[in-house]
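What follows is a group of structures, each given as structure tokens.
Okay, so chain A shows up in both of these, paired with chain B first and chain C after.
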Partner chain A sequence: MTIAGAEVGSGKAAEAPPNRTLWILLGIAVALMLGRALGLLPDWLIRLPDWMIPPTAEWLDAIFAFVQNDLGLLQVTRAIAGGLEYLLDATANLLYGKRRWPYLGPIPWSAIAAVAAVLGYFLGGWRMAALAGGTFVWTALIGQWEIAMQTMSVLVVAAPFAFLIGLLLGIAAWKYRAFDMALRPILSVLQTLPFFTYLLPAVIFFKVGPTAGAVATIVYALPPMILMTTLGLKKVPPEVVEAGKMSGCTRWQMLTRVYLPAARTELLVGVNQVIMLCLAMVVLTAFIGMPGLGAKLLAMMGSFKLGRSFEIGVTIVLLAITLDRLSKAWVVRQPVHFERGTPWWQRHVFLLAGAGAFVLFYVLAQFVEILNEVGIRQNLSQGREIDALIKSVLDIDAVQAVTQWLRWFLNVQILIPFRNSLLWIPTPAFILLVTALSYWVGGRRPAIYAAVFFSIVALSGWWDRSVITLYTVISAVILATLIGIPVAIAAARTEKWSRRMLLVCDSAQTFPSFIYLIPAIMLFGVNDVAVIFSILIFAMVPLMRYTIEGLRTVPPEMTEAADMSGATRRQKLMSVQIPLALPTMAVGFNQAIMFAFFMVIVAAFIGTQDLGQELQRTLAGSDIGKNIVLGMNVSLMALTFDMAILAWANRRERALGLTK
Partner chain B sequence: MSEQTPVISARNVWKLFGAEPRKYLAAMPAGRSYDEIRADGYIAGVKNVDIDVGRGEMLVIMGLSGSGKSTLVRCFSRLHDITGGTIAVEGQDIMSLSENELIELRRRKMGMVFQSFGLLPHRTVLENVAFPLEMRGQDRHARRERALEVIKLVGLEGREDYFPRELSGGQQQRVGIARSLAIEPDIWFLDEPFSALDPLIRREMQDEFLRLQDMLGKTIVFITHDFDEALRLADRIAIMKEGAIEQCDTPDRIVLDPQTDYVRKFTEDIDKARVVHAAVLARPLNGSVPDGEPVEAGATVRDLARQLVNDNRASLPVADKGGTVIGALDRREALEILLGAEA
Partner chain C sequence: MKTIKSALLAGSILVLPALAQAEDSDDPIIIPIHNWSSQIVMSNVVGQMFEEMGLNVEYVTTDSQAVYESVRLGDVALELEVWEGAFGASFREALEKGGLHDAGDHDAVTREDWWYPMWTKEACPGLPDWQALNDCAHLFATPETGDKGRYLDGPVDWLKHGKERAEALGLNYVVINAGSAAALWAEIGAAEKDKKPVLVFNWTPNFAEAVWPGEFVEFPVWEDGCDTDPAKGPNPDALYDCGNPAKGYLKKAAWDGMPDKWPSAYCVLEKISFTNAQIAEMAKFVDTDDMEPEEAAAVWLDENRDIVDPWVAACES
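Up next is the complex of A and B:
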């Protein structure tokens, strides 16, 4: 640690010789706070007076009204919505029998499960077949087939669209530098924008229902696909490109026969991310009244039916793991050659098996009703029993005592005082403190952004709620760090535990955020501690993951050098491994903050007093201006941290010579 | 086009990398050195190169990494646009070609082999080899026939349906070679084709390459950083340093008469006896033919070692393949090369 500390210090000193800027920023902030403590500070320096706050929301409303009605954008979007709705109705018909064209559905659950199993076997052998088939069998038997298919019907439409649009935009960004430069900041904002801000415009422009859900989902899943496309195309080896050119490819041939196939791996990673983000978002569209797993979960949690919530949670988790594993298996799957003269049926054996299984179960289901549909009486749901079990466990005195004490301790001793002190800080002082922090961590540019971004937040008129949002995020991330980092360090000591822990983190990362509310509500009920707890476990995942990865990827010759210098395990950790892993750990820390900003909005469901709560309220009406102002506040705060921390990690990596 | 016209003719070719290379080159005073150019913020990939490649010739461009040899060959095929000078391929200025004409040129006349193979990972051996044919729109049947033919030529029969990752390095490069030959190019560029291979495989591939060249007789530009390889294969060697050609000559001349210190350094550790041929040492006959059995013009000094030591004539007659005496070889001179003059 001493090495890292010394170097960070000297690095700073080299940048701005006497560190004067930092001290000036801090000095003014402290002076302002002292002023407030002594009661000398005028009111307009504590909080911006109302007359200074521009009516941004109203302006935005006016702009939207203009674009929507006068420019006729609404016609365009409604036309798109029409086409999309047609597709959504078709999948809805096939998957759960909505009475729309093509009037064929619903497909028996057993046929879908069988095809899933064959697909699983094709991509990853027996284990994958069991996972994929098992997930669908579970879903049917537990009696959630229809709601799961409501979710899937949107997913199967949204994911291909997100893939295609992302691919095209990614190619454009790769081809045209100017477009890339214009797109990047937009993508950064999109990736930090709370999902509520995706939902409301979607509802307004694409009318309530599955269409709006699909549109919000597509937009939400776009950024990683665009980034992976650009990355993959840039990574095609120059000699492959030259080989293409020397073969006399035209531009179109270059793109379709050389670049895109050679970028296959990255494109498929993009597909994986698109699918996972689509699932996460489709579940969240419950907030705009979309039926499906998310809506059911929301309803069950709202009425505190923990057993059913738990079962739906398991379904969502299984679905997430299945989709993730299958698409990842597709990434690593390489084409294998067939010997000359292999008959046609052998080359396409999986296709035939899939079709065969489908037909077999489709026909069987016509005669055996249970293979077609699992009725309410037949399903194996143990909702009430699990509910009783969970409640009885929670009722055990010891458990009660622990959770209640934790609740009291965290609330009274830590959270409330922390929150109140943040709220007490005068607005200008707060902005200066954040700026100083950004300056210290990231340098000049991030500091300027921090000052501008937080000033905009102050001018938005939602300062107190923004501070509360920030307080929630900070508390949760600090707690996550305190718990997650030591666990990760312990796990990183052996290969075996690293692998196990990474597997857990990888799986946990694929769960839609909603899932994390279940244990939080179970343990702590509906209050601030549950909010913090749900964010904490959600944010801990990337934190642990990157810490383990950072520690495990320290070059072996360095740890060997430490061993040969006679370092104890502790010395090796403190002076070799952690300093070298720190840039990677910082990326994890950054992601933890981003995840926390995301989760804090989801947690509005539990009942918070922050921006998320206000955002959720806007969904009821058509307050689009307010919705965007609130969303931008969250995004701007998140981006401030994002830029400062990543700037630090990059500089550190370069200083350590870890980048090529 | 006559036999004498060079296939590739480069005049004052410059390739600069930097912000505005054309503008810089136009304003640059003559005789500026590599380091001065670098101080101005530009890298001279190719620096004022003049070279001709004759029909059927094998020119080996040789130099350390970063000397500009790969850049030069990419200028020949216009994978790089040159900054100054002219490059003519079969008399046609390639910088004046439109995109379509350039594509056409590459589809008909040029083949290239890459150091790390540059195979398309998603295509089988057959599909990789047929790729250039596919690009020029040949029908499926014809390109399959031709591809199978070249695959057989490079000795990969039976592996047509394998994917590149299922092959060893040497086999992958055979695919690269087959692909570059599929269109029956007139000009064949090979960019360090064997550098990525193990020494044993490399030797085997060189032999294979010589066999192919014997059979096909193409015009070849071959790049290597391995002097032994250059000596083994070349009709002529061009040695490059910092973008410029230091010397371009036959292997014998390079070894016997290095023109710069840089070239001399290269040749120092070379066993000259293995490189120098009797023909090069033969002095013109001044009317009198030395007595006795003539030695072969194509033999190296090393080949003649025993005879040189045991013979006691002052000079030996040198005869070409037809048996005509073309000159006389001074035995002392040859012995000195054999024993290593400097040592």
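Up next is the complex of A and C:
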């Protein structure tokens, strides 16, 4: 037995054996199911009767009407919206020339691209400069400059706001424990709430258009910033704090000169997350009037222009990767210190270079039209060619044969029977089964939450649709695991392939999920297979990412110990690397479930019969109560899994001695 | 409120006699655009007409159902394409709540119903008569539907009642709701190569007519009350046993505050009336000629001065 083996062994021993509670829960569930099979179960135990379901939606509607009109919240939010609109108008003027104060724009594309390149060079050398400058040049040449700037004009306002609000809330949560305790559940709900549920309130309170888009984006991007701020501040070493106190800092100085600089890395990771989440909302906010890339993408898809949609997707990915890499380079970069007496221009050489490039291209653009604006007829869009290419690939007979077979096999042999059996399970038995699963995976607390959450779902009156949602998520995650884990394990064997795979993951994650929907339908038709296929692509990303990272960060002394004791590669993988990487992989699995819950709602655009479809229906009216009830159901189911799996991963990490 | 307003108005008239005549506000007229080409181009055409009149115009992208709530609140000033079938319900709901009103119909008529691309007819020659559907059900069957046919209806939020109709007319079909217009096109596009028969929801005027020629299924003719009175239509016990109206309206809607705030723009809006052919042309510029919507609108305006100018002229006097 190697050292690693011993540790793993002791980890297993530390786990509690399945005890009586688990068997009782399972026993009752099985008894209920047997009762149903034998036809002994009364109807009210199979599904809750209608009279037991409280009219939650109507209550919520009433509360909303009261808050909105009688309390005058609408006036408050509309006033905020007014201020926000002023800012958005200013950036809109600068970036794409909307006729508002300060009446200066639009800035020529070449000037922006030049500044981006200088910034890239400053943060990460020539490669970054090429990436940052190249992204903007691509955007202009492909004829998407104006719509890209419409998007950016909102993001450059939303991201700083999300950063600031997140920072303040994070500091508050760190200072006041009670606030932290109150905030955490809200954040968890926010992170799992389907985006359709953000949209209606955003429109009602903040006016359709960029303002509502900005608000929805800010709310969506907030949680990680708050969490990272609190985390960073908590990790500040006591020596640093002592040093600050000794030099007689006031409280304000302590915060701004000691705590925040010491938490720099976490704060910047938060910034990175804010940027990525903002970009993830680009397409979704188009439903509430956010102009730009998202709106164009939806219009293109509405008229079946796959090629142009694809190009917009590429632009979004490029922007996301550029901003991601730039902000990560900023995290790594340490502050530079100059000798006393260094002249001003030497200390700010990059600032000057940036300003110089800006002015140069600004002036040049006044004379050279192409540097100012790439005309509609000059762009290099290859929409039609890509259309033809996509269609010809989908038309290959072999592809069609395979997908037709898959459609038949998965639907008839697996998915439909699986769905029907889940729907067959009596509601109380289903709740008990989920509770038992949470108990087995996560322990007591997650089990209690599971019972409460699923009971609330049952009481919401949308049980069947919730079960169908769950069925879709489970099917997609299982398939994603079956495909993603082996691929990730194979990729993790070498550094080179790990990096390539992670880049694929980054692209797949930021590529607008809407674009997957069309090929999914063309391959499989409008049915559950297409839905699951599109969720699968998205859910595989975190699974693969965390698996690769988990395997790559297995402490080298462990693998060496395995090598020394003469383990084969397979043995090393199965008994050392995977067990040690398992907690990280579990986090990835958890993320995959969260992503699947997110994507299952987006898949309503293919056509589903689950909560997403009903949520989509609420957009037609102003059914805000129903909208929130449905959103809560999705959120509660997602949280149940979230808590159970994270509890397991934490316990496991402690058992393996991986936590500090 | 009203008295304050008129007092202010009276005051301003006294102080600024030059402004006594009702003038359009300088605030931008916000025009909503949605995700289909004809509406986007039409909005741009009207927007450019307003701009020629010296008014400020801005466009905002919105959901085509949620937009009625926005018109009602005055967040957007008008809506140029209110389809009877697709948006009638949302429009009427907003109308009842107050804040928006009917600003007249276009000449164009709209039709939304069960539809098939032409190649389907070769396999099922009895079409377009609806009674042929049951004989051809096997042609439209898929692995999930067994021996029943499959009809791909519009998204649920379009409120199309395909299921009810299939039941009311005893059709041997499973009705599946697509999630978006894009899903409908993808389904037709996928069937195109092998000329597989498909039955989907579709509407006119629409770009798809140009890409995939096809026909509507002829259901029992629509009678008023078919959706509320079981006696109407061939099945005496069921609602929705008729086809949709073959000549549905296409309306314009306006915010109640618009006539006061932009009187001349509102006057033009009332006059505006496009025909099916004109709408199809607007869509074609974008969908088949790959123009950008603003460009398409400008081209369309140039080519149709004789239609547009009289509307504006009529409001100047």
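Going forward, the second predicted complex is superposed on the first by the 606 of 660 C-alpha atoms of A that agree within 3 Å, B and C clash if a C-alpha of one lies under 4 Å from a C-alpha of the other, contacts with A are read in each partner's own complex, and residues count from 1 in each chain.
Criterion: a contact is a pair of C-beta atoms (placed from the backbone, for glycine too) under 8 Å apart; a residue touches a chain by one contact, two chains touch by 3 or more.
Bear in mind that the values here come from a model prediction, so they are computed numbers and not experimental data.
Visitor: Please determine whether it is chain B or chain C that touches the greater number of chain A residues.
Guide: C
Visitor: Considering only touches as defined above, state whether A:Val30 meets chain B (first), chain C (second), both or neither.
Guide: After superposing on A, A:Val30 lies clear of both chain B and chain C.
Visitor: Check whether A:Ile606 is in contact with chain B, with chain C, with both or with neither, and answer first, second, both or neither.
Guide: Touch partner of A:Ile606: chain C, not chain B.
Visitor: Would you sort A:Ala243 into first (chain B), second (chain C), both or neither based on which partner it touches?
Guide: Only chain B is touched by A:Ala243; chain C is not.
Visitor: Could you say whether A:Ile518 touches chain B, chain C, both of them, or neither, answering first, second, both or neither?
Guide: In the superposition, A:Ile518 touches chain C alone.
Visitor: Shared contact residues on chain A for chain B and chain C?
Guide: Comparing the two interfaces on chain A, one with chain B and one with chain C, no residues are shared.
Visitor: Where on chain C is chain A touching in the complex?
Guide: Residue list for chain C touching chain A: 30, 32, 35-37, 40, 56, 58-63, 65-67, 69-70, 73, 75-76, 89-90, 93, 142-144, 152, 155-159, 176-183, 185-187, 189-190, 193-194, 207-208, 211, 286-287, 290-292, 295.
Visitor: Taking the complex as given, what residues does chain B use to touch chain A?
Guide: 74, 77, 79, 103-104, 106-107, 110-112, 114-124, 131-132, 134-136, 160-163, 165-166, 176, 179-180, 189
Visitor: Per the contact definition, I'd like the list of chain A residues that touch chain C in the complex.
Guide: 98-99, 200, 203-204, 207-210, 286-291, 295, 298-299, 301-304, 376, 383-384, 391, 394-395, 400, 407-408, 411-412, 416, 517-518, 521-523, 525-528, 603-609, 613-614, 616-617, 619-622
Visitor: Going by the contact rule set out above, which residues of chain A touch chain B in the complex?
Guide: The touching residues are 237, 239-240, 242-250, 253, 257-258, 261-262, 264, 334-340.
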